[in-house]
Amino acid sequence: MTLNFALLGAGRIGKTHAKAISANPDARLAFVADAMPAAAQALANQYACAISTIDEIAADAGVDAVVICTPTNTHADLIEKFARAGKAIFCEKPIDLSVDRVRTCLEVVSQTGAKLMIGFNRRFDPHFQAVKAAIEAGKIGDVEMVQIISRDPGPPPLDYVKVSGGIFRDMTIHDFDMPRFLLGEEPTSVLATGSVLVDPEIGTAGDYDSASVILMTDSGRHCSISNSRRATYGYDQRIEVHGAKGAIAAENQRPISIEIATADGYTRPPLHDFFMTRYLDAYAAEIAAFVDVVNGKAEASPSGQDGLRSLVLAEAAARSVSEGVAVKV
Amino acid sequence: MTLNFALLGAGRIGKTHAKAISANPDARLAFVADAMPAAAQALANQYACAISTIDEIAADAGVDAVVICTPTNTHADLIEKFARAGKAIFCEKPIDLSVDRVRTCLEVVSQTGAKLMIGFNRRFDPHFQAVKAAIEAGKIGDVEMVQIISRDPGPPPLDYVKVSGGIFRDMTIHDFDMPRFLLGEEPTSVLATGSVLVDPEIGTAGDYDSASVILMTDSGRHCSISNSRRATYGYDQRIEVHGAKGAIAAENQRPISIEIATADGYTRPPLHDFFMTRYLDAYAAEIAAFVDVVNGKAEASPSGQDGLRSLVLAEAAARSVSEGVAVKV
Amino acid sequence: MTLNFALLGAGRIGKTHAKAISANPDARLAFVADAMPAAAQALANQYACAISTIDEIAADAGVDAVVICTPTNTHADLIEKFARAGKAIFCEKPIDLSVDRVRTCLEVVSQTGAKLMIGFNRRFDPHFQAVKAAIEAGKIGDVEMVQIISRDPGPPPLDYVKVSGGIFRDMTIHDFDMPRFLLGEEPTSVLATGSVLVDPEIGTAGDYDSASVILMTDSGRHCSISNSRRATYGYDQRIEVHGAKGAIAAENQRPISIEIATADGYTRPPLHDFFMTRYLDAYAAEIAAFVDVVNGKAEASPSGQDGLRSLVLAEAAARSVSEGVAVKV
Amino acid sequence: MTLNFALLGAGRIGKTHAKAISANPDARLAFVADAMPAAAQALANQYACAISTIDEIAADAGVDAVVICTPTNTHADLIEKFARAGKAIFCEKPIDLSVDRVRTCLEVVSQTGAKLMIGFNRRFDPHFQAVKAAIEAGKIGDVEMVQIISRDPGPPPLDYVKVSGGIFRDMTIHDFDMPRFLLGEEPTSVLATGSVLVDPEIGTAGDYDSASVILMTDSGRHCSISNSRRATYGYDQRIEVHGAKGAIAAENQRPISIEIATADGYTRPPLHDFFMTRYLDAYAAEIAAFVDVVNGKAEASPSGQDGLRSLVLAEAAARSVSEGVAVKV
């Protein structure tokens, strides 16, 4: 049976999910809602879906699932609304910038028994999935250390920076989820530094654009994270796991992989320059996983709790920078 | 305006094109025809298109273009039929195994003024396109030598081998097209060897499973081709161009690009093991190019003449092996 | 004029320097001294040099320079002795495990005006030199972040661990020198974690075998260091520098660089499994640099102060782990 | 017992061997002879050996072995002279440009029972040795195809080209030896093309600067060779072996292996630009192998017959180009 999806929010990430939903053989994009009529109309035209409103969608018994791609400050309210409406919910990260608000929201989810999946898309990247699979197959023995290098091609608009909750909640949050996915154990200690090297305005806005973080688990496993809001050579996304018997690395991805040799050396093209092209396959796999959740074939993963845990780590990192101490979580 | 496509032949390659047509915003898969009702039905179900016959399609004024994916021995007849019916034609390579038959077929195409594009999909691979673009941008100066390594994961069924026209017409033909695309000059001399190293039955069937070819142009540019019907590590597709100022290489493609390091060394996964996943993007780009041809935005390329030239080289290669001489074309 | 060198300590690293001295056209290995006669004799046989004692060497006016490769706890005394004897001194790192003892030793060096160079061999690795040269040539703009992964093939003997001064003074000390070489600014803040994942005996001995460190400079530049006493795939030595305009990476080195492709994937051999083969060229270049120092053609670099600074960072790292705070230096 | 070596010819390659002999613990460079006194003197100064003449060396009972690095047209005479004088002989390739002259020379070697090793240095490259070892370990099953790309950074002086015997005897001869080393079976059929793409003067001198060759064995194994006298990116030396169970590739070597990433892409430095630095380790291993031959620990390999066979293939290639036929050998 084909599932009826409603998309809330027709912006950049909404379009990505609309494409993935439409291409999925078990799902149908039935409705789209957006505060901006033009944005909703554009998607409606492209995917032949109806334009609707949040209230109508919540009330429509034919809607099986909603995909929440609206601004962050609406996420928790929408999750609660659709949990109560009995819909399966996919929500872009983060649930909220406040740990307390996330907790009360997850209470509602728990009480209603709603299915809630959080959009940590990187878990669905086929290369990172292969890293996970190799770990589970015992290829490198016990996991000891994870190295994450995660750098954006360029900083987001300053207006966005101001409401983003800061680099740890906005950008590093993906990198907080990844060691939880790979280490096999919860990080319980956070050390972090942050500085402003890319754009002084980001500092004026009270945020950092460059950050280094160390996480440690109770058994002594480490994770190092290196973030920058700028990488001239593209969207730099590398993960490496070191274990007792070996190591696994997921290399960067580039759209074109030729190499040109001249007297100046051997040159390969830059990386993908945009997260949506870099993670195109991941977004499709993520929606496929959510379809399985809606169909009752799989538990929601990453769950609301996963969303909460990464936010807690982000908050701890911010505190570690400002207080100059290792923060226990 | 959305173009109406009819697909002739619902087999393996037909399915690939059906997918590309459906995903193309300017095309619509209106009809499918296949001698096997079940094959046609499967595609009709998946893409919501109608099942039809060759004659009905030829007679239907609403059909803009046909995509011919039937067995090779029907290609020339179908091209002639649809040329006379005024349809734009995309035909899988080869047009025919006989150079003479191809010539008479192209006569009809020429007389009717039909648009005919031949399916040398590799020209549309983004990596090989980037090689071509780099040559044209002057990155390596005058082209001097092309190296092509092209190896299949495994041999085709013996029944197919027997009707394939031989390795040069069936497999190497793609590699004959590529230097024509990259050298900037027609090869006029062919040296070739062939042998049976993979499966003696292929030899019994009168064919080779391993071949090496050298092409040369009038100005002395070379192309070396190495073919095998077997490569345990996947679908091996490499192209390298050497020029006066440098060289360009298009690397092999693998679906997963992690690397696992242990005491035994550093291991990356095998390559794509199937031409359809390896050239997925190329097939989509190929159909997009054909849509532009149908819409009059571009000349058909590769053209029928391109199909003919590669076949002439294939025939010359076969003769070079059997006679032990360099064959001029 | 050929310089006369005396080697103090004929152990593992002593042999490496003996080889580099002998191969250097401007130096001659004149004397070797070692508490173990057999060790001295072996080197004397191989390089046709005389066996001597520390006192004789200090008193011999014909000796231009000494290379100190004795146990760490003798370094400071020997430096002082040969500084007073007017010899140019090359001393393996560290000068001493105590920052105070290093300071008093460097006082003597300063008072005597002796030339003192410290053996941070990695600065002379041709690949890391090329990284430095590329930074100075402005290839990546202002340096922002340095990533160092430094892992030994296996832990040292437990007896050595007990007198080593701990992982930060013994192993990470090389990695503390490297950002000082590359960042262009002194690190002033240290965050570190350490744990025992490789061998519980190392923990019992009061040390760590796995460590992660973040250094930060006053202007906000970061350096991340990842250490392990075990890497099954060889001697893992990678450095990466991220800057405003790009990044530079120095890859791992392997003695054999073939790649074998099978159905299991593509496999390259492991890395060098020993620091002496990995840094063979670096040791030769280091002695060549010291020859220039002795000849008055260059300032000693890395200097005694460089040795001190790295030790201070090591001490700060140890404190950061035990106190759970960022330590200012 | 240390062997006494005499070096005949103190030019470029003579210097390389002098260095390898001096560094070998079982050999001593006792004499050097060269028609140019200054060249001999330079080597004598550097390695503290005596200057002598060919006749004196032949007559000196204390000389165990000679290393012939004189011009090609003297090789056969010198081999015969020193074979009769009872010396072990290492001779640079080729023995002579004439197959007949080589045959009469090898007659003398055979009659005198002299030990003769020919300088195909590439067999001793550690990477190519590893390829050979992997084949013999059965890693890729039966060998089917060898691909050799061999390109010089730039053409030799025109005066040299004129006496070189042509590209096949001078340059490709190394690449004719390699498949004999790797295929496990003698090539018996040669197809070749040659052209002038680099420098028209080379064509005027009656030679080619670009060549492609296919060799085939009786059982149908192939080898493809691609040669150019020019490669802007350095000394391009790649070998790849395809077998029934997999493939092995020996990558190019570069002196510095950093990678710089910027908005223009990822760039690694060029390759070695000189055969002597590229094959530094190979030359040392080659002399070590010859020392074993002189000491009776190993048979001479590559032997005089190996030198002859490659020359026969070179001659066949030249004939294949001029006659446009596959030449049987």
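Here the chain labels run A, B, C and D in written order, and each chain numbers its own residues starting at 1.
Rule of thumb we're sticking to: contacts are C-beta pairs under 8 Å (C-beta built on N, C-alpha and C of every residue); 3 or more make two chains touch, one makes a residue touch a chain.
Just so it is clear, the structure is predicted and the values come from calculations on it, not from any experiment.
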Most distant chain from chain C by Cα centroid: B
A-C or B-C - the one linked by more C-beta pairs in contact: A-C
Would you mind pulling out the distance in Å between where the CA atoms of chain A average out and where those of chain C do? 41
On a C-alpha centroid basis, what's the spacing between chain B and chain C, in Å? 57
Residue numbers in chain D touching two or more further chains are 232-233, 245-247, 261-263, 269
For a test of understanding, state which residues of chain C touch chain A in their complex under the given definition. 142, 144-145, 147, 149, 151, 189, 191-193, 195-198, 210-212, 214, 216, 219-222, 224, 226, 228, 230-233, 236, 242, 244-247, 324-326
Per the contact definition, I'd like the list of chain D residues that touch chain A in the complex. 232-233, 261-270
So in the complex, the part of chain C that touches chain D is made up of which residues? 126-127, 130-131, 134, 139-140, 245-251, 253, 255-263, 269
